[in-house]
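Chain naming follows the written order as A, B and C, and within any one chain the residues start at number 1.
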Amino acid sequence: MTLSEAEVIVEGLIFASEWPLSPQDIAEIIELDETTVESVLENIRKRYEFGALTIRNVGGAYQMVTKPELASWIEKLGRPVINAPLTVASTETLAIIAYEQPVTRAEIEQIRGVRSDSAVNSLLERELICELGRKAGPGRPILYGVTDKFFQHFGIRSLEELPLQGITK
Amino acid sequence: MGYLIQLEVYEGPFDLLLDLISKNEVDIWDIPIASITEQYLEYLYSLQEQNLAITGEFLVMAATLIRIKSRMLLPPEPVEEDELDEDFDPRRELVEQLLRYKFIKEVAEFLQGRYEQSTGLYTRGQPAAKFDFTPIYTNPVGDLTLRDLNQIYGSLKVEIVKEERVHSVPTRISVQEKLARVRIQLVGQPRVSFGDLLQDQTPAEVVLTFLAVLELVRLGEIAVVQEKSFGNINIVPYAIELEVQA
Amino acid sequence: MTLSEAEVIVEGLIFASEWPLSPQDIAEIIELDETTVESVLENIRKRYEFGALTIRNVGGAYQMVTKPELASWIEKLGRPVINAPLTVASTETLAIIAYEQPVTRAEIEQIRGVRSDSAVNSLLERELICELGRKAGPGRPILYGVTDKFFQHFGIRSLEELPLQGITK
């Protein structure tokens, strides 16, 4: 079995990157056009069919992850479980934090129209959000923002990848 | 009604309103406020019938809807300048809030989808290589100044000293006791500054005093006046009744 | 090509583990004896011969890394650029280190009243603090102090220039 040099390099890049890599990112690094990169990726994906790992496509970028059927084994390593479902309250709160950060809890509650402490706490526990500092002014409320883990779990590299605001603020 | 209806669960009043608007197939910019208000209240009544708790937010929204409804019935009052606008629509603020919330719900759905895609998938556990991938911080201290550091350090040190004092002088009073004390401080006065009530109090007492003042407002015994933002807060007692002990 | 189930599980474990796994660790998780685990590992190593990745033995434990010849490519992924300001925890920790240095993590935690490892780590990563040495005494804890970078950012030359108002030492 021989593999093309490009295939090996791309495989190494996707493994080593902290973020999902888009074909553009890869094309830039290895100086090949995107179409070639796409076909190289296809070859890698085929080669991975039988092992423990897979290259998944999240929003057009590629990331190396374990196959879902191994989840129960990997949990035994004690890695935090990312499969516990998020409640609607949590995703709404997360959406607001992603868009409006840095944002206080009171501002989140104003947009959602309901109290959100438990949603904020559960997101802090999952390390999807963190405290960014405190807002000047009365009470010096805590400001929240999203974490690196947020970007990794959701396969998003920057806030620009979130759906665009369809209405004027 | 003798049977149980399965009621839908809503995240909050905005969620319920959006659902009513979509069920009625009406234009969000032209909400038939009377009929939507009626349906909104019906939902609250049905919650009540099933002995389900109605949270404060739902009640506040009910009040808002009723206010908007009445303002739409009345001829526009010649009041504040910004409301002189001929296009002024009492529904506008609510609509803007609803649209904002609707957008957030869409993003939440997008995130939920992404999250489910990640279910059971694990990324690499260790650094991939010995290369220096430590982040470059373009903003290592932000707009923090020496003065900030001084104040933060100062307040951390003060907190330690304070904590020790709290341990040595345990004070345990209830809101009810605090309420009684605040009434005594207020009775017969034309007005009292909120700051004066707080003098020489520990943080725990400040919280109790604040709660007692809120309770007095609720009971209709006092009014609270603040002339400008961050200005002094004055308490005007008008119906204080001291419980006379036999 | 069919792979044994054990081979796939071990491959997934080594990829997802946050530390290198010893054959004992693996044997415990998959409930097989160590000799079997060693031969499973050998199979995985063979299978990896042609790709970008390899299983490296570090002090008797195994980890997944890219092959050395890919180094120059992977370096091109670059260091991530982060523009987030300091968190409240980090700011408090920095203030304490500035005023109390040389100071141990335990002393910082006593003043803040909460654990501060991640704040200390983040300040180290930002190169605002550094290790000054170790304190004499039990456990010989690390002593921290601020760096030249700290002085540069705040525009002072020495600790004597820190403002002292409101502070009773």
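Here are some notes:
FYI, contacts are C-beta pairs under 8 Å (C-beta built on N, C-alpha and C of every residue); 3 or more make two chains touch, one makes a residue touch a chain.
Keep in mind that what you see is a predicted model, and the values were worked out from it rather than measured.
When every chain is represented by the mean of its C-alpha atoms, the one lying closest to the mean of all protein C-alpha atoms is A. Of all chains, the one whose Cα centroid sits at the greatest distance from that of subunit C is B. Subunit A and subunit C have Cα centroids separated by 21 Å.
If each chain is reduced to the centroid of its CA atoms, subunit A and subunit B end up 31 Å from each other.
Averaged C-alpha coordinates put the centre of subunit B at 40 Å from the centre of subunit C. In subunit C, 12, 15-18, 64, 66, 74, 77, 80, 84-86, 91 are the positions where the chain touches two or more neighbouring chains simultaneously. Residues of subunit B found to touch two or more other chains are 122-125, 128-129, 133, 142. Within the complex, the subunit C residues that touch subunit A are 1-3, 8-13, 15-18, 29-30, 47, 50-53, 64, 66-67, 70, 73-74, 76-77, 80, 84-89, 91.
Partner subunit A is touched in their complex by these residues of subunit B: 11-15, 55, 57, 61, 97, 99-101, 103-112, 114-115, 117-125, 128-129, 133, 142, 230.
Within the complex formed with subunit B, the residues of subunit A that make contact are 15-18, 56, 58-59, 63-71, 74, 77, 79, 82-83, 86, 88-89, 91-92, 94-96, 98-99, 111-115, 133, 138, 152-156, 162-163, 165-167, 169.
Residues 122-126, 128-129, 131-154, 156-157, 159-160 of subunit B are the ones that touch subunit C when the two sit in their complex.
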